[in-house]
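Two complexes are shown next, each including chain A; its partner changes from chain B in the first to chain C in the second.
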Partner chain A sequence: MVRHTRYVLLLPGLVTFVFFLIAPLAIMAVMSFFTPVWPGYRTDLTLNNYVAYLTSPQFRILAFNTFSTSLVTAFICMIIGFPFAYCYTFKIKSERTRNYITMLLLAPFLIDWTIRSVAWISILGERGFVNSMFLSAGLISEPIKFLFTPTALFIIWVQTNLLFMIFPMNLALGRMDPEVIEAAKVLKAPPYRVFYDIVFKMALPGVICGFIFVFVNTISDYVTPSLWAGGLQTLGLSVSNYASQFLWPQASAGGMILLVACIIVLYILLKVVDIKKLVYE
Partner chain B sequence: MIEVKDLVKYYKEVLALNKISFEVNEGEFFVVIGPSGCGKTTLMKILAGVLEYNSGEVYINGKNMKGVPPHKRDISLMFESYAIFPHMKVFDNIAFGLRMMGKDKDFIKRKVTEVLELVGMSGFENRSPYELSGGQRQRLALARALVVEPPVLLLDEPISHLDYQLQRKMMEDFKVLHKKTGGTFVFTTHVQEQALTLADTVMVMNKGVIEQTGKPREIYLAPKTVFAARFVGDINLIPGEVVSKDGDIYIVNTEIGELKSLANGELPAGAKLAYGIRPEFVEVENKTRVHDNQLKGKFDRFYYFGNYVECIFDIKGKVEVKSAVPTKKAVDLRIGKEYSLGWNSNNAALLEKPSVIEGLNIEEVIYGK
Partner chain C sequence: MKKMDLLAKVYILVIFLAIYLPTIFLIVLSFNTSARITFPIEGFTSDWYFGEPKSYQANPSYIPIIHDQFFWDSVFNSIRVSGITAVLTCIIVTLTALTMRYRLIGRDVLFYMFLLGFITPGVLVGLGTILLFRLLGSTITEFNMIALNTVYASSFGFILMMARFDPYLMLYEYTASALKVGPVRVFRYITLPLIKWEVLSSAIMGFLLSWGELIRNLWVARGTGVVSTFVFMQLTVYPLTTKWFAAGSILAAVSIVGLIIMATVLSRGTK
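And then the complex of A and B:
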């Protein structure tokens, strides 16, 4: 009896997990096979929801938009984040400076999501900060249209997700013994080989981990595209459209398709690299 | 092969190397010995080119190494921490250097197999570094440094972290390896045994300066400073003052009487110095007098070392003298009894300076005040 009491500690987490993740997912999975009747559904099982979704002419565009924007964002975050994480770990020696940088990275997250979204108007708008800077510097003669274009989506996503890329990278790089880098230099490796064969490859678990964070974060976000991307259609948006019309079976089927596609992408990423290396060894 | 001139290195305000100069000849086994923090690793990293220095000059093979990146130097370094690439298998770790040199696959495979055999790790090619013991990692690090066949091999405390048995074996291995490869080895350690056994030339370092450079025998028998004398072995040190000179023999007045020592060079009468005699030269005499230094001492206590017993004698209640007595002989000694101790003046050493570092008081250094 005593042996089992320790599992009691797991209970609150487990209950939350079951009620708020497993159960809704199960309901969604079942719902996706029900027959839609407006407004509502009949419990006759059918594959029609999936067939309709996958064969619709828009599906390809939706899927392409969804995955390309997320993957490109994750990729941009990786390109920007890696040099940052590298400098943060190896070049900045003062603990104080590091703390300030961490604070600056975290600062935007202290602001409410809604306000942060609206704030983009004053930054990227036609009379916003960026345009006024460019105009007064004489770099452009007319304001650039950032908002309501895919460019705005990338800028906003990169800004909000960069942190999730940098943290796991820092974790991976911080575990690296600087003498290993010196050893590679002594073993006749020119600088670019030191970077690729040693620094990058050893940081790969962190890079992939950050990539997954950003990918999952952006692919599940349909609000930002609907607000700022100027009518760019994504799978998430279509699911939300169905849901707002109470077409639950169609919405569920869309959700399941997105979920399965995500799992496939994550599976491939995790095959590439052993993410456990980030924590163990 | 290596020439270092007035090398200075600061870590921020801390002086790590204070104007050191030395030369290493081609094919030499050169051992740098000193306590941790004396600048050994700093020196090795500067030679390898992975660490910047503030001033001075470093020549390898006659070429000034200023601004030459590590991958363009004729050296290889085995790190104290081993610095094994954790994400690579044993084979890839060793092959790394050869791949960077652009060697072809067959050559690499042959060389890696050869070097693994040399360090006694054949069959470990596909192991991950995490599956290796400390000794195996050490040998992997050695193999990785060796395989590129460097004209100069730098070995930073390569065997200090192994257990004693393995250390002894590796010392022999290094000696054999040095003969076989004919390369120049620079080896650092803080263990006197390794330095004296392996080296053609020993350099004793202390707080960023060179205390003494010379053959192992020179440093052991004719140390120039108290620091050098102590670092390569145990020694009895008695503060004293030169009274007179009789031929080659100096007479030194100490608390426990006049002691004789053979010394080269000129010491003025009245010079304050330390009279040193290593414990193995201090013999417990039988009735016949055979040594030109003789004292009476009370057997106070002993430490058993197996092959010898370190016996500590109290001389007139003022000074303690250690003697390394062969175990066979030590069984006859009784604590509390008085014995006659003797040694020859040609085995003693006169140490004028506590260290090459200025401003130290010799008595304070000897008594650790």
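And then the complex of A and C:
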């Protein structure tokens, strides 16, 4: 490939990303320093939006809710997803079966998000499947409240995001030579060392990649916590609330705080493993 | 060993059941005679799918799904938006991924820009787009939805596609170039056949992510919108009825059949 042609091939992606990602974020960054006046803003620069956000008594609660729920969900997905990805990669020998499994994993994601979420009412509701089973088995005397609690949030998020954890794990495990595992076994390595020192460490870029996918997906989602976790307040929801009142500078400041926090979490995760190794090295 | 294999298969089955659990309930309960979501079903009817609309059914939550023109408009909008997103994602991801294999000036900067595409929460991209278009004095259209979804899907697609490239791909290309084969022929006869499944995967990824995206689409949706925004808006205004389970069941059935056909096509010639 001729050298300058390579740069031309990057243009479609570059233009799309600059105009629809970098430019909106840059505008938002500038807007976050403007003085709010209702409805709208004045272009006098101020740090007050950030100060008000960071010093508000609500901020700690919002930040805690946002990050704790997303991190816990990503962690649960990792625990459930890793054995699945391992079994899928090493225990399913037929490529045809693997193709069907992959495609069937995707099907529930084509059902609308809202409809898929409300389906949980029939499972977790007070008159839903789980409570009906427990009541009829005599295990409980009164229905357990699952819906509108953090439990419901985690169940819905894990079910929705598991695929985003499994796919990158499959990629990382798929690149592993199964003979390496056999070699370790021949050398009488105990199973936990084979798992941790070989399988897990070699799959780590995929695990981190999946962790980031799930973390980012859930941190973006302010609708599910507000609907299914009893109105749980998150940073995303507060940004959305400010924006719906046309308080653009406050919304932008909240958004920038959320973005910086995401970048910090990502930075820490990328310190554990270099994701570039999974991608182009 | 056989015990472990069996255990692995059981685990895969359990995870499948967990993923499909809401879908199973959607389908079963969509035939409930009651408008309320109750378990077990009170009686069997297909009226939520094909029933005749009654004159008193002014509330859209009670109109059988086949007669809900707005729902079908949103489905066709979704197919159009997701289809275009899939094509754009496929083009951007393929071109970028093929180019980024080489040591280019600013490659890492570009890589982190792509990474930024998926670490940026949807609420920020939506808000930023609104602010940008207000500043430019432009109207938000369906194109914005396609663009936002393309950025998001391209980031995912790019990382997943590059990770799957054949490690010998560049060697084959260099060999062909050394034999004085032109770059277009190298791409057509060497590169494309070796990356065709990755190209297809990126298109599927673009379609799926665009179809399921709610947060980004909520900010820029206008009119009927797409399925995700339409159903969400309907359920914030009108009560939840069995009709929406019927809608979900239709989408599930079409998706499962479509994906099984795709798996069959992909599996041709494999064991």
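Assume the second predicted complex is superposed on the first by the 256 of 281 C-alpha atoms of A that agree within 3 Å, B and C clash if a C-alpha of one lies under 4 Å from a C-alpha of the other, contacts with A are read in each partner's own complex, and residues count from 1 in each chain.
Just so we're on the same page, a residue touches a chain if its C-beta (ideal position, glycine included) is under 8 Å from a C-beta of that chain, and two chains touch if they have at least 3 such contacts.
Remember, it's a predicted structure, so these values are computed and weren't measured experimentally.
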| said: Which chain, chain B or chain C, ends up touching more residues of chain A in the combined arrangement? | reply: C
| Touching partner for A:L105 - first (chain B), second (chain C), both, neither | second
| Looking at the overlay, does A:G128 come into contact with chain B only (first), chain C only (second), both, or neither? | second
| said: Quick check on the superposed pair: does A:I198 touch chain B, chain C, both, or neither? Answer first, second, both or neither. | reply: first
| task | Using the superposition on chain A described above, determine whether A:W120 touches chain B (first), chain C (second), both, or neither. | result | second
| Which superposed partner A:S240 touches (first chain B, second chain C, both, neither) | second
| said: According to the stated criteria, A:T5 is in contact with first (chain B), second (chain C), both, or neither; which is it? | reply: second
| message | In the overlaid three-chain picture, which partner chain does A:I140 touch, first (chain B) or second (chain C), both, or neither? | response | neither
| request: Using the superposition on chain A described above, determine whether A:A251 touches chain B (first), chain C (second), both, or neither. | output: second
| Is A:Y88 touching the first partner chain B, the second partner chain C, both, or neither of them? | second
| Of the residues on chain A, which ones does chain B touch that chain C also touches? | none
| remark: As the complex stands, chain A meets chain B at residues 177, 179-180, 182-191, 193, 197-198, 201-202, 204, 277, 281
| field | Interfacial residue positions of chain A with respect to chain C in the complex | value | 1-2, 5-7, 9-10, 12-14, 16-17, 19-25, 27-28, 31, 80, 83-84, 86-88, 90-92, 94-96, 99-116, 118-123, 125, 127-129, 132, 159, 162-163, 167-168, 171-172, 175, 206, 209, 212-213, 216, 219-223, 236, 239-240, 243, 248, 251-252, 255, 258-259, 262-263, 266, 275-276, 278-280
| List of chain B residues in touch with chain A within their complex | 45, 48-50, 69-71, 75-77, 79, 81, 83-87, 96-97, 100-101, 130, 144, 148
| request: Give every residue of chain C touching chain A within the complex, in rising order. | output: 4-5, 8-9, 11-12, 15-16, 18-23, 25-26, 29, 37-40, 88, 91-93, 95-96, 98-102, 104, 108, 110-111, 113-125, 127-132, 135, 144, 147-148, 150-151, 154, 156, 158-160, 162-164, 173, 183, 204, 208, 211-212, 214-215, 218, 227-228, 231-232, 235, 240, 244-245, 247-248, 251-252, 254-256, 258-260, 262-263, 266-267, 270-271
